[in-house]
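The next part holds the structures, each set out as structure tokens.
One chain, chain A, links the two complexes that follow: it is found with chain B in the first and with chain C in the second.
And now, the complex of A and B:
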């Protein structure tokens, strides 16, 4: 009830997505900022953190993060909400990507492709992945926890194997093939009526292709996040939570375990399939080896760092994991500049980084091979390895848990409980 | 549910009698969609609009007619606060019956006494536990009792007593009766007379068996206009239909009836039923009522919660809270000295304290939107009052009793005085007896007498028709009244000195650690006391001091606790003259309980029962 946040007169009000006005305003502001971000607007481009997104390289990374968000939301439904830890997420993304390329790709003598428009191949990539998910689901009813995780690893290898068998779909081994572009056309016409993959002019603004892709992906993410948040508070979502907390007890309460696990796999795979298709067509060309175990593990890491079971946790985790290598890279670059300069601390930075040959340091800017000094690219993998350990030990609820703690600190004011 | 309210032309009777039922009906007609009641069920506050409420009252009233209730028949209710309580209460008044409320805690023996004393024909028992208490009674002992209605069918289904009836069946019977005789209740309501007894309120019975005080429709109307009207309890501001009240104290007590049901029907405000006495703090926080009434025990508990939770919080918060409380202390003293109003200094301090601490504190206590709070039924510790005034919850101490429909004195906004129960309501008959100092009142709110007890009724009135309240008071500055004690409690020591034990007891009870205190000394050489500790706070204190304990008795007999209480006693002794100081005290080895007969339903000590139960301890002190 208005002005009395604790007074719920209906279950609808209690389960509302945005129960308080503060949250509505906060979300509204966030979306406004997100929409304005890619532009160099007169005032806003003075705000340092917001402005950098105007740079294409940053925006590209953000686009990648947006796609990863969709995939992470999918895994979050499966692992965070329904408690079914899966390491086969990369496989489902791959299924989506190859469905997209089969339906939307160009047909050549060696490759299959039907050249269908995006409004067909994008949903189809999700649906096909969901279908495969349903096939896999019975395994989850039989095995639990770690065993399920190991079982789903098998999927990744099956996927890699299939990609080698069906070269007509996946393209030749190391090269892969070209994916259809993010363009909306009615049918197979030459000219798309909405093109996200080229520079253009929208309303009164010039927008480049990265900015266009950003908006397209942002809209999709909002859609998928809304769906995920709504699912979590639906009957289905509650049945998942019951299964997660104790599947036997849930079954005794009347939750159909088989059905719940099957829908969890199906919907999670749908998210993964769409994300896979988007990722491949944004990158343009990918080889089958990209859909490997590491990618699956990355999503588990995202959930662990962000916080299991919450939409905001999955999104925070994704941005953290996807953007942090870029930040580390920038940081190393900055330290290298410092080491070469005459600043007060240049001696310190000089000890840390290797700039040229014969220089001593722990991290190398130039070197790529693993060893000593460490290449900058390996550093961020170490950082997030350490982060996973740290989060598991000290903050199992992830970034979302930290947020909850901060919030509760103020909510409880001036008491501690 | 469709609302069928028959409007009667006012030509039927020259001046229709105002009853709580007629007031409720008016709201049902004038503002049917407004929320009248909320009850928390399955985690959600279920709402009852006025239309639905009045519809249910009509159904219940017809149900009572179907059960053959005649004018002046008694309908008794033993239940926690819930919508059915209010509905049946209003329905009984609508058919000119008499509502009799029992405390939900009344044990079987008392239920038997009350049922035989009032001779109820219909009884509402909330659940199996309450039903059992009635079924224990030999049916021959309560020949009038025709129906026992129950609200919670769990466990009662298998009972075969044919007096039992489910609440829903009762309403269904009412609906059927209503379909057959659509005007029966309306006609009965129109016949209501001002001197109809509408309720029996049983006294708590500290000295003898409880007596049923008869309140009439005229008493109610007077009480409603004096307390809720303009220049009433709240000065110029009058409660409106937008106000919210949380009801949690027993509805059979006149204070809670006034502050919930009578407020609801007269102002149209929304009544929110707390789930139980244990969840009051949570419910308060959810509902954030705008008007609040509590007994001192609740205020002290709220105060203690702040203190305990505050000392449990993290160091920074603790420091923050402590300075906030210091500030509240200063503001509280400043405001109290100014009649409860802000002075420029306190307003300035409040400007600092409110955003930093007070607002959050009020929110956590559930009193952020509360613009008037009352404390009554027992004396409250000045420290507690100061604390709440300091953090911005305006608490006013009130005084009244069942026999005068709670219209006697009150601290009015802007004119409050600490340690007094305020000023008499304007234009009521109010005086102190010249000799004894006893408070006496005479106004239309004074009750019609005790049920079936003419000689005791006569005893409570002076020869010139004034009600003797039995409370000794004194004037403070000629305007405010300070209550000294019950006239029967005044102790005359062996030295012949008159001493008021309540003052000393209350001074002991201002300590966070003391829950019960009983001062003894009638015809004795010196004063002594039996003291019961407050388990929560002393337990918390022991935890901090690393004193291990097992039970209540074990804890209260720890030497450290004895030392703690000795400190409290010494502190209290400093406030009184030498003859009034407590020389010896003993710990009460158990938590006092209504069920065991040491306390009344309102948690007042029954002195005779105490002397009987702990006579050994008392004699030990004088040995």
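And now, the complex of A and C:
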């Protein structure tokens, strides 16, 4: 029997993650495009952005976004679903990263490292972060709103302090140390059977390390997103949403508030821990100062821009926040070229950007401290700030809300109501 | 069961010296529809909050099936089989009607977070079984068309129904209803009265009902307790209570009470 859209014949069908055929097809196509993206293929290349994002420098940024997606999904469970806005996410990412380097790193006279394989250190980075989450939960669970935000900021500073003290784990000073690579091997010294960190062949294709990392991260993200979506539609996710909406009523309905919040903290920290380990391993070397408050704030910004409480919102928000600064950079670079060239509008661009000393403009591409004209690097922070305010005021559901509106508009086509 | 289901024994509750409840005792038997009435501020909601253990009475004891429940957590009280609705609707506004009702099934479900995240056989089956239970309640309360709507968008009268449904989803033995018809028009009140009677007759759930206005209570209750300024001023069958001079005084003013006492 052919299904009619919007008519469900079983509760199973209705509770499915992709309840309609259109959505199944759409997600299937999206995944197909994502899988083929790193390669130059005639049809795929016609899709806007795809060719551009699939190539080397941008694919690295995409990889970073995939890792950030995992962390954002974690915070989304805690903040979007359970309503506990934490600014400690960077701390838990750091916990994961240092678990990874302690377990998987190489030991030297001044550094600890057990050289264990990734199939051990990657899950462990999540588990240890979750464990630390459970340890700090009793303090965090008792406070709410602004007080929770401030308590969790404390975690970030404690973490930064610890990373300075334990140089045997974090490495000396700002240099940090080398992280284990993204490669799967059976045991310590054996040859990796799957190496995401070096160029090579997969089947009949040449695949470089950025592309391999991309596939590995994409697969992980799919798993994490699936688990997050499942949690949201199950008993646990509902109890979180109930606590977020009305905590006292939730308790009276039988939700054990302390336990539910602790679980949310632990699972969200697990996501953060794994993401932290992945990020450090992909980058290869991390300054301990990287796990700072700004990173935590970035994830809150991601959720505000993408839309709180939705898997797709967290993912859209992450891509937006991770990719847009690079777009802005590219754009400024382009305007600088324009200003120096003798194109039709070079005079206009020259007014906007400062290229050399003594030049007038609003944005500077030369190295200089904060002030006026604005350094190009400050621009993306300003863009964030403005976007967060715009979304809070006009579209509390974020990019997800905009997407729903667009979808409903096309559903009703040609009628706009 | 021989003894009463719920028993309040000399309960007193005060907030920073302000007495909300003073030495109130009563029993609710199995299958009974027991009502508490009294003017605004009499302490009715405070009694419910004491039973839920959201408030902790300074004196007295509350027993469920003979065992004290004092000091238990609210979620444990729910697990024992006591469900309630609220005077000022306490639904989860961002969740749909369906999700609100399914949350009521929380204590009847077992799926752990891990099983939920994996969504394997047992987790999925439990979800579907409970979905069916919730659909029965949706049918019973005639709220089919609102199923997928976030509850915040529902009209007031329907929100009250959803809240009743959420409590029913818990499959309680005792249902506490805090002013279920407050702010409703005549038609909505009649619907609600019908639901309350059906719940008692068809589902066999005992009910403790709070109202500030006598009308509904006199029609449906087996026994009535009248509360004024936190104190019990009368208890008995509706007809008895209605004739009690103390009650008339509390409701209509002292002179009416005296006149009734004279006659």
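Rule of thumb we're sticking to: the second predicted complex is superposed on the first by the 388 of 417 C-alpha atoms of A that agree within 3 Å, B and C clash if a C-alpha of one lies under 4 Å from a C-alpha of the other, contacts with A are read in each partner's own complex, and residues count from 1 in each chain.
In this text, a contact is a pair of C-beta atoms (placed from the backbone, for glycine too) under 8 Å apart; a residue touches a chain by one contact, two chains touch by 3 or more.
Because the structure is predicted, anything quoted here is derived from the model rather than measured.
S.K.: Of chain B and chain C, which one contacts the greater number of residues in chain A?
M.R.: C
S.K.: Using the superposition on chain A described above, determine whether A:8 touches chain B (first), chain C (second), both, or neither.
M.R.: first
S.K.: Per the contact definition in the header, classify A:255: touching chain B only (first), chain C only (second), both, or neither.
M.R.: In the superposition, A:255 contacts chain C only.
S.K.: Determine, under the contact definition given at the top, whether A:246 touches first (chain B), second (chain C), both, or neither.
M.R.: second
S.K.: Name the contact category of A:227: first (chain B only), second (chain C only), both, or neither.
M.R.: The second partner, chain C, only.
S.K.: Return first, second, both or neither, reflecting whether A:267 touches chain B, chain C, both chains, or no partner chain.
M.R.: In the superposed model, A:267 contacts chain C only, not chain B.
S.K.: After superposition on the shared chain, which partner residues are touched by A:236: those of chain B (first), chain C (second), both, or neither?
M.R.: In the superposition, A:236 touches chain C alone.
S.K.: Taking the stated contact definition, name every residue in chain A that is touched by chain B in one complex and by chain C in the other, in rising order.
M.R.: Shared contact residues on chain A: 11.
S.K.: Which bits of chain A are touching chain C when the two form their complex?
M.R.: By the definition above, chain A touches chain C via 11-12, 15, 227-228, 230-231, 233-239, 241-242, 244-246, 248-257, 263, 267, 309.
S.K.: Tell me, which parts of chain A touch chain B in their complex?
M.R.: 3-4, 6-11, 14, 412-417
S.K.: Write out the stretch or stretches of chain B touching chain A in their complex.
M.R.: Interface residues on the chain B side: 38, 43-47, 285-288, 309-310, 312-314, 317, 320-321, 324, 357, 360-361, 364, 369.
S.K.: What part of chain C is in contact with chain A in the complex they form?
M.R.: 52, 54, 73-75, 77-79, 83-84, 86, 90-95, 99, 102-104, 106-107, 109, 111-113, 115-119, 123-124, 126-128, 131-132, 135, 166, 170
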